[in-house]
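Right after this note come the structures.
In the two complexes below, chain A is the common chain; its partner is chain B in one and chain C in the other.
Up next is the complex of A and B:
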């Protein structure tokens, strides 16, 4: 059993450990810390946009640009990726029945690159926006900030490649010989899919970052038209990594829902086979749609059509996941404890985000929504609505495993209602703002556009509700991990039977427990 | 374990919807991209942080663009420094201004009035204020 707080250990023992549960704990705690830090930035952005033209809270546009850049970078690279690795570290070795990850030291190294990259991103506080499109990030972005961002992202990219290699080897080579690959639980399948995707996708962005750096140093002109380069090349290199990366962020969260939903429905999974098939399909099709981020860059008609088909092709596979979840819950004796609530809320928001995505991929409609707040709402529905919901559900699910105690179900309920309500209010409203034509990444907007003002104020109030709900989460995490009721480790959620299997984890540091 | 027919029906419905969306947007986009032969060319140049315009007869305007109702216009979009995006939201005119590239967008206003012009691709310090206006006049 892994009981980090009931049997306290000196913190250095956890920090210098290479055991998969310890590295998993470090990943999870780091990811949560960055989630709260970037969340504060999000609250600042939304509060600032409440009143147009008055410079509330943020008094100049450079600061605003830096804040939304670091908010995006942190949420993607220091929250979404590390938490997937954190949960993966806890569960994947158990799921394939191996004593640890394949390369424990590599695992610890991959983790310790995260804080370093995070420090570089936060000290730099770049203003390039997280996409850092080429001519701006090469010729205009100020001083050491952009260079520090490039180095920070470089380190984080290497870290994610190392941990991906580790997951692939653990699942394919260290799997118990009696366990056929198709029977490996779907969360491990999701980790393997995204790890393979990372290994294929990430090098293109790594190359783009080096090219950006040499362009900034003036020794090359890859993206500089006056030296024979082309800014569009950066977009291709960037989106070839970051459209697959959308699925790399998303699939572990879907895998976490596969872990939660059958257990709390007290029913076997509807179909293991269709889950595996959908993961593999998304892993392949994820590479066929990067161009839909570039419809308006002067792409010709045929290319647009090809990328539209590639984008639409990802929808049936996502639909198969949703169907699988619903069919699993159908007729089950569902227990709506916190993990299940977050999983079901996440599925609902995943469905609405996907429906919005179909509209984005349709070429004529994309010219209305692209670059507006529609896109902001759309991708936040995925990142908050699906990824954060799945992960938060998983944190509640693993809470007894990590702490040996139970969280407060009442606070978790407040957290769930606030988070669902807030997400709907802020992100659906942002879709409407996009239809009203409001561009994204703007510091201020004209006060005479009353519809923009009203919608922004509705969205900001939603964001406050969403932010406030995380206070309940924080109390649960801190107070109840030390003072909560002791959990029944065989069946902490009272589901009947041994549905809870992470308790098999054995950490050598807990000898004698 | 599960019942397969239900899943196949579900997937079939999803694919049918997607085919409809795909075919319809192919038809609409094809129509939208057909520039009328009599369209008047207007050069649009984006730079940090304003738009300038040059009419076919050589008259130049900055930030405010005057056009006539009932004519078709084809914008030639240039950028002098970083990426911008030329956007008239009320007329769904939207195309990136990319250094080293010439992009096109066209429209034919059929209503008079004043409409906002804005930049929809992040371009730095005053991106939020890279605004102009389009005035469509009813002169024959």
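Up next is the complex of A and C:
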């Protein structure tokens, strides 16, 4: 059991530990710290866009570009991936009934690459946007910011690959012999799927980053048109990694919902088999759709159709997860504690985000929405509305396990309502802004465009509500982890029965074990 | 419940059929008639939006009903479910339970 705050240990003991729960704790805390840091940047961006033509908060466009670049990179690489890995570290060894991760030292090394990569990204503060499209990132992006970003991303990419290898080996080779693979809990299945996807997808981006760096140094011209290079080649290499990466962010969140929903519905999961099938399908389909990010680059018609169908193929698999959740809840006796609220909220927004995705994937429609705020709204609805909801729900679920105490349900309610309300207000409005023709990544817009001004102001107010709700989360994390009521570790959520099984985690470094 | 499903299915079929009939009739008209591509794309957009949000409304509506009906404070949910007699209800099995 890891009661980090109930029976405190020296910080160095946790930092230099290789035990899976300690590494999981480090991943989770790091991810959450970066979430708050990137959240502050998001508030700056939205507040700036509240006042057209005035430059109230951000004085110039380069600074604006730097802020949204680091916001995006941090949320994706330093919040989403570490939190998924953190929860995976805690739970996967338990789920496969093994004492630890397969390679504990490799696990710790993979974690410690995260702060190093994070420092490089934040000290560099690049302005290339998170996609770093050539030729801007080759020809114009100022150094050393862009170079530090490239090195930071390389380190984070290596970390992802190392942790993925560890998860795959732990699940496939260290699984208890009595546990058939098909019966491994779905969260572990989600981690295995995303780990395999990472191993296949990441090398393409790793190659693209090296080519980008050598282009910047002037020794090659892969993506530099003046040296005969092709910027579109970068897009292919980038999106071959990053469309699957969308699922790499998403699937752990779905896996977490599979962990939460049956427990709080007090009944078995409706179908383990369909969950496994849908994870595997999404893992494969994730690689069949990268071209839909590039319809407007002059791709031929047949290729576009292939990518359109490949993208739409994700719909049935995603639907299987949603219907599995609904069927599990049907006939249960659901307790709406914070983890369940976030899981259900996440499913609702997942469906909306998916509906938007169907429109994006249809190529004639993509020409309308491409490069507009519609896309910003769509990706944020996925990342915040689904992924962050799942992650936050899981953090509340694991709170008693990590701290030995209970969070404040009242504050968690405030957090949930604010986050749901804020997410809907910001991201739905951003869809409308896209339809009004507002391009993404613009520093300013004319105040005379009243519809843009009004919609931006509505979105910004939503962002403030969303941001304010995270203050409640922060209080819960800091104050209640030290002063909260002691949790009944057998049944912290009062569900009846003794099935809060994560508490069976044994930490050999902990006093008492 | 069956009525809701039936109405939803009919609505979806109608959404799929009406545009197709429209296109079929359009083909019979004069060869001089030109297609305003931008208007067609926007029509397609709104049709797909309508279809997507209709399905979304049905699923979301079902979920809202589920949340309301199967919450533990609902009068019909006072008694524990048949799975709750187990130490871990989530390890129950539909086949074994005769579901």
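Worth pointing out:
Going forward, the second predicted complex is superposed on the first by the 511 of 513 C-alpha atoms of A that agree within 3 Å, B and C clash if a C-alpha of one lies under 4 Å from a C-alpha of the other, contacts with A are read in each partner's own complex, and residues count from 1 in each chain.
The rule we apply is simple: a contact is a pair of C-beta atoms (placed from the backbone, for glycine too) under 8 Å apart; a residue touches a chain by one contact, two chains touch by 3 or more.
Keep in mind the model is a prediction, meaning the values are calculated, not measured.
Using the contact criterion defined above for the overlaid structures, shared-chain residue A:262 touches chain C, although it does not reach chain B. Of the two partner chains placed by superposition, A:158 touches none, neither chain B nor chain C. Once the two complexes are overlaid on the shared chain, A:298 sits against chain B while remaining clear of chain C. In the superposition on chain A, A:367 makes contact with both chain B and chain C. Touched residues of chain A, counted separately for chain B and chain C, are more numerous for B. In the superposed model, A:172 makes contact with neither chain B nor chain C. When the two structures are aligned on the shared chain, A:207 is found in touch with neither chain B nor chain C.
Once the two complexes are laid over each other on the shared chain, residue contacts for A:334 go to chain C alone; chain B is not touched. Using the contact criterion defined above for the overlaid structures, shared-chain residue A:347 touches chain C, although it does not reach chain B.
After overlaying the two complexes on the shared chain, residue contacts for A:129 are found with chain B alone; chain C is out of touch. Of the residues of chain A, those at positions 268-270, 358, 362, 364-365, 367-368 touch chain B in one of the two structures and chain C in the other.
Note for the complex: chain A touches chain B at residues 61-62, 65, 127, 129, 133-136, 139-140, 225-226, 229-232, 268-272, 274, 296-298, 301, 304-305, 308-309, 312, 315-316, 319-320, 323, 327, 358, 361-365, 367-368, 370-372, 436-437, 439-446. Across the interface of their complex, chain A is touched by residues 1-4, 6-7, 10-11, 14-15, 17-18, 21-22, 24-26, 28-30, 32-33, 48, 79, 81-83, 85, 87, 89-90, 92, 94-96, 98-104, 116, 118-129, 131 of chain B.
Here chain A touches chain C in the complex through residues 262-263, 265-270, 322, 326, 329-336, 344, 347-348, 351-352, 355-356, 358-359, 362, 364-365, 367-368, 496-499, 501, going by the rule given at the top. Note for the complex: chain C touches chain A at residues 40-42, 44-45, 48-49, 52-53, 55-56, 59-60, 62-63, 66-67, 70-72, 77, 80-81, 83-84, 86-94, 97.
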